[in-house]
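By letter and in written order, the chains are A, B, C, D, E and F; residue numbering begins at 1 in each of them.
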Amino acid sequence: MPKTKRRVFKRDDGRNPDDLRPVKFKKGVAPAALSSVLIRMGNTQVICAVSIEESVPRWMKIQKVEGGWVTAEYSMLPYANPERSRREVTAGKVNGRTQEIQRLIGRSLRAAVDLKLLGSRTLWIDCDVLQADGGTRTASITGTFAALHMAINKLLKQGILTSNPIREPVAAISVGLVDGIPLLDLCYTEDVAAEVDMNIVITGSGKLVEVQGTAEDQPFSKAQFNRMMKLAEKGIKELVEAQQTVSHV
Amino acid sequence: MPKTKRRVFKRDDGRNPDDLRPVKFKKGVAPAALSSVLIRMGNTQVICAVSIEESVPRWMKIQKVEGGWVTAEYSMLPYANPERSRREVTAGKVNGRTQEIQRLIGRSLRAAVDLKLLGSRTLWIDCDVLQADGGTRTASITGTFAALHMAINKLLKQGILTSNPIREPVAAISVGLVDGIPLLDLCYTEDVAAEVDMNIVITGSGKLVEVQGTAEDQPFSKAQFNRMMKLAEKGIKELVEAQQTVSHV
Amino acid sequence: MPKTKRRVFKRDDGRNPDDLRPVKFKKGVAPAALSSVLIRMGNTQVICAVSIEESVPRWMKIQKVEGGWVTAEYSMLPYANPERSRREVTAGKVNGRTQEIQRLIGRSLRAAVDLKLLGSRTLWIDCDVLQADGGTRTASITGTFAALHMAINKLLKQGILTSNPIREPVAAISVGLVDGIPLLDLCYTEDVAAEVDMNIVITGSGKLVEVQGTAEDQPFSKAQFNRMMKLAEKGIKELVEAQQTVSHV
Amino acid sequence: MPKTKRRVFKRDDGRNPDDLRPVKFKKGVAPAALSSVLIRMGNTQVICAVSIEESVPRWMKIQKVEGGWVTAEYSMLPYANPERSRREVTAGKVNGRTQEIQRLIGRSLRAAVDLKLLGSRTLWIDCDVLQADGGTRTASITGTFAALHMAINKLLKQGILTSNPIREPVAAISVGLVDGIPLLDLCYTEDVAAEVDMNIVITGSGKLVEVQGTAEDQPFSKAQFNRMMKLAEKGIKELVEAQQTVSHV
Amino acid sequence: MPKTKRRVFKRDDGRNPDDLRPVKFKKGVAPAALSSVLIRMGNTQVICAVSIEESVPRWMKIQKVEGGWVTAEYSMLPYANPERSRREVTAGKVNGRTQEIQRLIGRSLRAAVDLKLLGSRTLWIDCDVLQADGGTRTASITGTFAALHMAINKLLKQGILTSNPIREPVAAISVGLVDGIPLLDLCYTEDVAAEVDMNIVITGSGKLVEVQGTAEDQPFSKAQFNRMMKLAEKGIKELVEAQQTVSHV
Amino acid sequence: MPKTKRRVFKRDDGRNPDDLRPVKFKKGVAPAALSSVLIRMGNTQVICAVSIEESVPRWMKIQKVEGGWVTAEYSMLPYANPERSRREVTAGKVNGRTQEIQRLIGRSLRAAVDLKLLGSRTLWIDCDVLQADGGTRTASITGTFAALHMAINKLLKQGILTSNPIREPVAAISVGLVDGIPLLDLCYTEDVAAEVDMNIVITGSGKLVEVQGTAEDQPFSKAQFNRMMKLAEKGIKELVEAQQTVSHV
């Protein structure tokens, strides 16, 4: 594996290894939703919308679990890539990758919320990828927390909620090893080239919600793992700040 | 049912019976697509995107049909309505209403294009409804023609197409009878109240592509039918002009 | 396309452009059904049967809609064409064309019936095409109304219904443009050759229930549309008379 | 349970225990098919149709099996019973009972045919039950053989086949034990009451093709089994004669 | 067909025509189940497990049938054959052969049990084939009865059942004609070569529960049928004895 | 959260926090497979089998990727738990949890193998859980590597492979936080109670293949994460040794 070229390493878009892509949030893209945000991280764009349902899943009723629920659905719009992808409904089922992603988004958001304070209702999180250039699942989590925050603020203002169920912000980012160099926030071409691909979800106070690291080809050392974790922590901090520009208003 | 209140009739948004809602086009909402447009008609918003595939459907190969193909897929995003709707993939199949709509969009666009001049390739039209307030299928057709026009211009400029396959513009509009009064471009609440619901697709030169009229409850007279057709013709003319502002640039 | 050969036009089966094919009804083909009719229009044959269910669809219960429901299912028997067609159950789902047709049949029949007078029950309409030679959807509607009428008469006689829910008869017919000439009641080969294909549902008193006109290749003029409508009106009148020979007995 | 009431036993329709129901064949009910027959056994009515496909199943091509194939599909029309049954396509799959029946029909017909002499083609057998009153699977086999015979005669006459692939006729019948009494050709109410239900397929020369006996509640003795087999042999002989009135013309 | 070679006939594994393969039962292979047995007949191995559910199928509740239910599911593990077979879930549905087998197992076991004495509960029988060498459905029935017996003993000991619902043992075996010679307990290569294939289910007292005989290619005579039945009766007697070594302890 | 009870902590089965459950391997449980192992970790039992297919997935052919493939399927046998679980084929699709697990197993095994050296063939890994008591996915990976090793040895001995594609062993283990205490190898009751659940896949030389850590309720600190990683490393070392007792023979 390449080793000593660290000094001269250059990313296609000129970023340093520890740079995020430019992050932007646009509010209200789906006006019928309870709240919505379009998040852009470089060329990756995801519509994040929150809807409310005054009911909880069947299993909660059966098991008599108190409080509410937060669940997520994720979809790649067919024109999110230069080569059109088939709608999943055409295949008749949600594929494995999509299921993994929507379970991850749901778990991450639930970790940020005290479900007991939600009351007996469900917040539906929808993430539809408008343009895909790597990191769609982490952008979905980051954007979705902003939308969720806006939704909660609205419900508090309307008196539907009386105390704020949000514990602290969460955001997510990808990190990876390309030619042995740890990179923050991989774009698609970097993701394809990466030997290791990690997705990390961290809270505003720096606690871990989810750590997923996968050797794509060759196993990796613990030292490499630790360096990637550091990059992720740096990135998350910046993302949590960016979220506040939209969700705190 | 219908009485004599025609004089005093007022639409919720203050429009006259023969007024369209404000129409706006926004280009490039889905940058990875060959072309894309966000069409707004009042509160109805649809993302219209065109992708290209260098191949034709299997039946064309088997039957040795020359030329290309234009096909459409339509989807209601789950947060397009105040009450979240279930994704079709969750039900495991495309429902009947969706199938009717995407067949209608496909037929309407094919009527506007000389498929022989497309070469052996398929143009995929995707319509995803971002906000639904009535008339989503007709907005999809109108927006989609604009996107298709942009896509064709691009392919001509790139030399992929050598002669323009577009015969003339098409646009679509809904008309209906509410309390016996013919209305142009129904919004959702009008659509629900309508005794008759029509969707009309007409070309720039005023020829008919598709006429679909349905009595929701009571059959209607031919005189009523004719008055609705007139309204539709007026609306289409305005839409074709609006399309040119985006697709001719 | 259209030229001046109108004078010399001849249909394969010798009919004039405004002739229906011979129409015949045979009662009681499915003796276990509440009522049944085999309708023949030329070579097209459809089994139309009515069954009763003492319940209404779930959505009516939830929305507390009073009265009953009429719904239709349509199927092409695999041996209805010289080349056997696959059963839809083998593909695992109802295809788009079938769904469009059964929705059309259901709407058309509901327009002929005062659902409130049905009581809280569902009439199931089944149409199975025994032989297909064009116009199966319109023959289904025409045959089905006859069967429905017989079913209602039976229910009135049995005292299950106390007042007649039928408002007026409905029948349906196809019209089209072949070489620019408007033809009534297209057989399969004419249907394939048609530039425009229309299906019209009209009541006994001449009111419109459904108008569906589709340009198969080239858009058509309003004058052409009007001439086709006239043909349809003539055909429907004859069909409503023919229905009475079977349903009024 | 069986007692000593054998002497006084009476069937609802007045038949003796060893009587078939009246059997009738009507040719040509599905004119587009290669051949078709409507078989009636009492109130049970089944449309039996044969179609031809100039191809063989994929597994025959892969395994390079010479000759042709005969396969069957069976369906209960929704109005075949007083209480409407749901179409299988609505459930999205063929249920277990239907699959068992169509496999049985296919095997039975293949036993009557020398597949090598069919050439590389498939005969599709379709059985659609128009009215169900017990014994629909055995009526399907008996009717289907008649239709198959007619189809083969047609293909011989047309020179598509040059030597007759039919080895000998097959027919099928049900027998059962009701109150310990062996009955031939059970109607629906007898079938429901039966302790043992058997379906037997036998050739014209008296050879066994298929023997299926099932204890519905209590196991049965070999002596009872033998008596039922005798009844079946008597019934089949009569059915084979009846078949000849239609298929030999 | 070959006739006079009976004297010299030799089976691949050296058995006489009327020999079973060695039968072994191993208890407790699935410790979480209510009871479980691994049955081996030669190289055929099936895991048979019984689970209990304190509920009955919906149709029993609706029809208010008293007592309990016994139902079976059967599956071929993908590595049961030298060439891996696809899991049925990958195809998305249970195939016809599997459905036939699980219906047969369920019926056979129910014939051995007085369902009224089970109380309002369901016994689920699962059969998973670990190695397939012919006779998997009959081995499933034989093994399953042993497991069921153990389960019932457990429930009696626990006081959940107060009287023994088992009427008498059942076991199953295959017989067939290979080169005209009746063979007991066919292994896979014999099964493939057989002209006739029968599966017989018989009780400990020699009563018939299920008789299924199928001509694979040529019909067979009644004399042949009777000789196969005799072989089956001999085999079942030995199997019922073997069952007792495991289930009576 | 509880903190200072570490001293007195006791696991239900008496293990120390850093103890594995007893691990056992049994070879040859599925004799028709290329290789098979039954792995037991405490009460968790998984059948791991390897089959070979002389072909590669379609995407490898299309993208012309050289070498072979390793893929996994995982299934919970319905009687693996005290309460019977429904077979996935009954629901008609593989659920999200199952898909995540089989993707994880596949990736982990591929990381242990040089796919180029496999030649153009696929090794199918099947994991069927016979008894479930926590850690079924990690037991599947550990058992599956042993089976894979045996399979490769067989292929080398048979000359089908000429050089050994195995890079180094892999094994997997779960760790978690229960009452704030890091535990190794969670059984089911511990898994349910855990605040954090991690699954770690590590190679024989201590490199990371997969790190998956999930906060079930509350986020966790990096210090906690590090302590869990240490436990996992200890467990994996012991598992890799245990594997050698079976796979190196």
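In this section, a residue touches a chain if its C-beta (ideal position, glycine included) is under 8 Å from a C-beta of that chain, and two chains touch if they have at least 3 such contacts.
Keep in mind it's a predicted model, so treat the numbers as computed, not measured.
The fewest steps needed to get from subunit A to subunit F, moving only between touching chains, is 1.
Using the contact threshold fixed earlier, the set of chains in contact with both subunit B and subunit C is empty. Counting the residue numbers that touch the partner chain, subunit E and subunit F have more than half of them in common. Centres computed as Cα averages put subunit C at a distance of 60 Å from subunit F. For the pair subunit A and subunit E, the distance between C-alpha centroids works out to 52 Å. Counting only residues that touch two or more partner chains, subunit D has 93-94.
If each chain is drawn as a node and touching chains are joined, the picture is one closed loop, every chain linked to exactly two others.
Considering their complex, residues 29-33, 36, 43, 45, 47, 49-53, 73, 75, 77-84, 87-90, 92-94, 124, 126, 128, 130-132 of subunit B touch subunit A. Residues 93-94, 96, 99-100, 103, 107, 111, 198, 202-203, 206-215, 217-222, 225, 229 of subunit D touch subunit E in their complex.
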